[in-house]
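Shared between the two complexes below is subunit A, which pairs with subunit B and subunit C, respectively.
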Partner chain A sequence: MITVRSTRILLYVVLVLFVVAFVMPFWADITTSLKTNVDVITTVPVVPPLSPTLEPWAIAFKTMGQPLLNSLTFTIFATIFSCLIGSINGYALSKIRFRGSNMLFLFFSIGIFIPYQTVLIPLVLTMSRLGLFNTVWALILAHTVYGIPMCTLLFRNFYKDIPESLTMAAKTDGAGTLKIYQSILLPLSALPFVVSGVFQFTSIWNDYLFGLILAQGIGAQPASVALANLKGTTTASWNVLMAGAIWYALPLVIVYLVLGKYLMKGYMAGAVKG
Partner chain B sequence: MLIKNLTKKYGEVQAVRNLNLDIGEKEFFILLGPSGCGKSTALLCIAGLLRPDSGEIWFDNKLVTNPQHGVYLPPQQREVAMVFQDYALYPHMTVFKNIAFPLEVRGVNPAKIPGMVKATADLLGISQLLNRKPKQLSGGQRQRVALGRAIVRQPKIFLMDEPLANLDAKLRVYMRVELKKLHQKLGTTTVYVTHDQVEAMSLGDRVAVLKDGILQQVAAPTELYDAPKNTFVAGFIGSPPMNMLNGKLVRKGGKLEIDLGVATFELPYWAQEKLKQMQTSEVVLGFRPEDIGVIGKYQENAIEAKVEMFESIGREIHSHLTAGDYPIVVVTTSAEDVKVGQSVWVVLNEEKIHVFDGKTGELLA
Partner chain C sequence: MVGLLILLPSIALVGYFVYASIGYNVLVSFTDWNQLRPSYNIAGFSHYAELLRDSVFRVSLLNNLFLILLFVPSTIGLGLVLAILLDNRVRGEGVFRTIYLLPFSLSFAITASLWAWMYDPTNGVINTLLRSAGLGSLASGWVTDSSLTLYCVILALVWQFSGYIMLLFLAGIRSIPESQVMAAEVDGASRFRLYWRIIIPQLKSSTLATFVILMVFGLKAFDFINILTGGGPGYSTFVLPLDMYRETFGLDHYAYGAAIATILFMVVMVIVVPYLYMSSRRSEG
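Up next, the complex of A and B:
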């Protein structure tokens, strides 16, 4: 009895230490973002501000407002496009029998492992020839294409678990290939759409490299790049930087708060079905 | 419907080999066999959901499948409706939507759909369930919805793939009767796949028995029971199955006998006539458990056996005996005056014995 309790206590002590270690940076981020320039110099980051102010938030938003809008635009569009295309691919690869479908699926899967760096030069050349360089469209296109393999994999594995009798029944009922997708599979795909949607949103939102290379002008600059630029070259206004980081993290936090419940469900569903 | 030389392979495995069937209009036709015998494969080929490797399928006078000539009518254009073992109801749709789906897809006038769905639901007694989702229904109710979805568009042919296999025993018997009634009411040609011989016997106008993709026998249920063409059919149809004893056909004093090792059995006159050309050879003597009498003392042409145990099913009693190494099951309606361990003599109903070839299993007499 005693040993059980003491190991319990030990466990909680360790866990609390972990929590402190993990929460500390966020805490310092928030406190610093609310400090005046003087407070930043005179106090340690984790200490609450002496005279709290929202001014750093306003300054950060002035430079990050447009980039945040850019990021939201291309992230949302690229997420939707890659999920939709991934879903259609997944349908074709799991429910339509054709020669070489397994080979094709293998090729798609390889796409997941291609590092961003290896495609930079062809990517820039392609975008400038298409006349999309320095536009949000370049980022939408690049991220959509880069997201297709992962989304295809996710949807294909999800559709694989939908009994074949369902699509067979739809066929004998008279539904064609597109109708089956639209009336049967698509309405059943809420879960994979949430999972791959969150996954895509996170990775596209967090991308820095494509943003840096493909969109240098302010009209297309992503928030990740703008945040890095906030640092300045000679001085660092930590309070503004921290406020910028919070602005930058906000959309992701909202996405997780809204969809987190479904996300867990999705992961669980995958885990149980193996 | 006509099926000619249908063959379907999965890699090296031949699921269906040279299947020939002629299914009449309004017939309730059963494909029966153990799992893996190719019955479901054959059904999927008829539905157009699988492309066979060779052979032809005709609906009325229309060729719908012939791989050699590139003829393949997709399932959407065949006038067939299918009921699946797992019901395959669309989980996100209500019962109403499920039944209406084939009508909507086929472009039926939307104003007419609710009436047709209602009529079908009334026929199956599921009108009160129309607004529910499949997961809110019991197994039997789902089964009815699946039937409704098949019936509603009045197809030429129903295809059913073990539709009762997922129901519990009591409900299965009930739905079996319902299916039979439904068929009598609608008169639609039905091809029904099952591994359950009781289902096959009670539902089918005719039953085709398959084994390893090869057709064994096509016949009406009673004929299948009384005159099985080979040992496989004889053993598969009937519960408990037919007793089968290996023996040697020998000629003794101008008469044919089967030497069973533990006893010799003199064949009745009609069997003598049929087998008189035969040479000495391995044969199998078959007789149904209900075509036997058990007596307490020796009688001519009776087989001696020992009583092992009794099973009382309620309506009937199954007595398990052994004659040498062979188990013999006897079905009687009243308890015999014998005890476990006692020696008895088994008298066969000579009109109802079967003699099969010991090597090929084919019926000889």
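Up next, the complex of A and C:
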């Protein structure tokens, strides 16, 4: 009995040690963001400040405010668009029989894995030709399009598990293809919409590469690029950089705390199918 | 027919922005477009021949391979350990899981900023902690030391990804029928034997998925490295995506950058296509 108890204690000790290692960078981020410039240089980062200040947060928000708004704009629009398109696609791929639907499955799957470096040059050309370069619209379009494959597969996998008998019954009642989608599948789609919505929100909100390539101008610049620039330009003001990182993380942490378990589901689906 | 009709807009969009764009990129790599203004005279395979002689490309490729070789097994190992530890009816499992998964959910722009502060040689977290623990002799330049910086990148990436791998393994472990675990326990198998003989062998498909995901990520890793080190010091953390970015958008060598991107694409596809083929056959069968 003693050995059982001591291995249990050991288990928790190890788990907590991992927690310390995982949390350390976040903890140092928070303490540093609350310190004055002098404290940043003279104190140990993980030790909380004796006289906390919110000034770094204010300074960081001055540069991050507009980019955060930009990020919020294109993230919300692209999330909605890609999920809606993914839903109707998933329906077509799972519930309607037609030649080549397996080919299309592969067609979309590969879209999930491509290294975006391979499409950057044509993407820049296309966006300039459309007159969207350096606008949030470029990011909305890019994130919607490159989100379609993942969303399509997420919805397809979900709809596949809905019994054929349901859609068949509606069909014999004379319901059309779109009517079946609207009246049967859509009302059952709350879960996949939340899962793929949270998944898309996370990956679009976190994107850096597309923002770097397509939107350097301040009117469209995402928060990721703004934060990276903050790191590049103010190497001395670590407190401001750490505060900026918190500003940028905040919306996502809120989503994560409220809908975290759906995000996990999205991650799993992402792993199983791509 | 209606099915195809519904999918047509998406097929067109993905066809253009993914497949046609890849094709276009390959075409650009065969032209002489190596200045800002587009130019489409045929240069044949000359850029690919040049890549063979390009020492920055060679360093990037080797760094990429080294990163994968160290990052993938370390992340899978740590993820598996975390999953096995948590699979012991741990009280507050959800809290532990959330904490371990938190780094994975955040943008590389954030995690790179956090680790820049961890590794900062003068006032950063690691060095000041070492100094105040009396271990000042272990303090080092970290990301500013070209012999260490790639290890610094890898350590931070393991930190960011292992929670995700833990989640996948945990799901795999939980899907193993309870009866098998019970049977082994009745037979008096030790905890260690139970995992080694019964559970780990059944995690094959989870492991394959994690391998592919991490390898592909290791090949495409750009955001984190570009923000944390910018590829430096020198070329010590240059990887293919960074080399492609620098050649294309830094030096306006569009054709040359396109050639690097094409190589990167082919390497990724060599890993992904067999995996997709296998998993699509499995899901049909």
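Note that in this section the second predicted complex is superposed on the first by the 256 of 274 C-alpha atoms of A that agree within 3 Å, B and C clash if a C-alpha of one lies under 4 Å from a C-alpha of the other, contacts with A are read in each partner's own complex, and residues count from 1 in each chain.
Here is the rule we use: a residue touches a chain if its C-beta (ideal position, glycine included) is under 8 Å from a C-beta of that chain, and two chains touch if they have at least 3 such contacts.
Everything numeric in this text was worked out from a predicted model, so none of it was measured.
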- Query: Aligned on subunit A, subunit B and subunit C: do they clash or fit?
  - Reply: fit
- Look at A:Pro48 in the shared chain and tell me whether it touches subunit B only, subunit C only, both, or neither; answer first, second, both or neither. neither
- Message: Let me test your reading of the model: by the given contact rule, A:Ser183 touches which partner, first (subunit B), second (subunit C), both or neither?
- Response: first
- Query: Between subunit B (first) and subunit C (second), which, if any, makes contact with A:Phe26: first, second, both or neither?
  - Reply: second
- Pick one for A:Thr172: touches subunit B only (first), subunit C only (second), both, or neither. first
- Can A:Gly65 be said to touch subunit B (first), subunit C (second), both, or neither? neither
- Here the angle between the directions from the C-alpha centre of subunit A to those of subunit B and subunit C, rounded in steps of 10 degrees, is 100
- Superposition-derived comparison: subunit B or subunit C, residues of subunit A touched: C
- Mind working out whether A:Val119 is in touch with subunit B, subunit C, both or neither, as first, second, both or neither? second
- Message: Under the stated touch criterion, which partner chain does A:Gly131 make contact with: subunit B (first), subunit C (second), both, or neither?
- Response: neither
- Task: Return first, second, both or neither, reflecting whether A:Ser224 touches subunit B, subunit C, both chains, or no partner chain.
- Result: second
- Scan A:Ile213 for contacts with subunit B and subunit C and give back first, second, both or neither. second
- What's the minimum Cα gap, in whole angstrom, linking subunit B and subunit C in the superposed view? 13
- Task: For subunit A, give the residues common to its interface with subunit B and its interface with subunit C.
- Result: none
- Which residues of subunit A touch subunit C in the complex? 11-12, 14-15, 18-19, 21-26, 28-29, 32, 40-41, 44-46, 85, 88-89, 91-93, 96-98, 100-102, 104-111, 113-123, 125-126, 142, 145-146, 148-149, 152, 177, 202, 205-209, 213, 223-225, 227-228, 231, 238, 241-242, 244-245, 248-249, 252, 256, 260, 263-264, 267-268, 271-274
- subunit B - residues contacting subunit A, complex: 44, 47-49, 74-76, 78, 80-82, 84-86, 88, 90-92, 101-102, 105-106, 149, 153, 159
- Task: Sort out for me which residues of subunit A touch subunit B in the complex.
- Result: 163, 165-166, 168-176, 179, 183-184, 187-188
- Message: With touch defined as at the start, can you tell me which subunit C residues reach subunit A in the complex?
- Response: 1-4, 6-7, 9-11, 13-14, 17-18, 20-22, 24-25, 28, 38, 82, 85-86, 88, 90, 96, 98-118, 120, 123-125, 128-129, 132, 159, 163-164, 167-168, 171, 209-210, 213, 216, 219-220, 222-223, 226-227, 240-241, 244-245, 248-249, 254, 257-258, 260-262, 264-265, 268-269, 272-273, 276, 279-280, 284
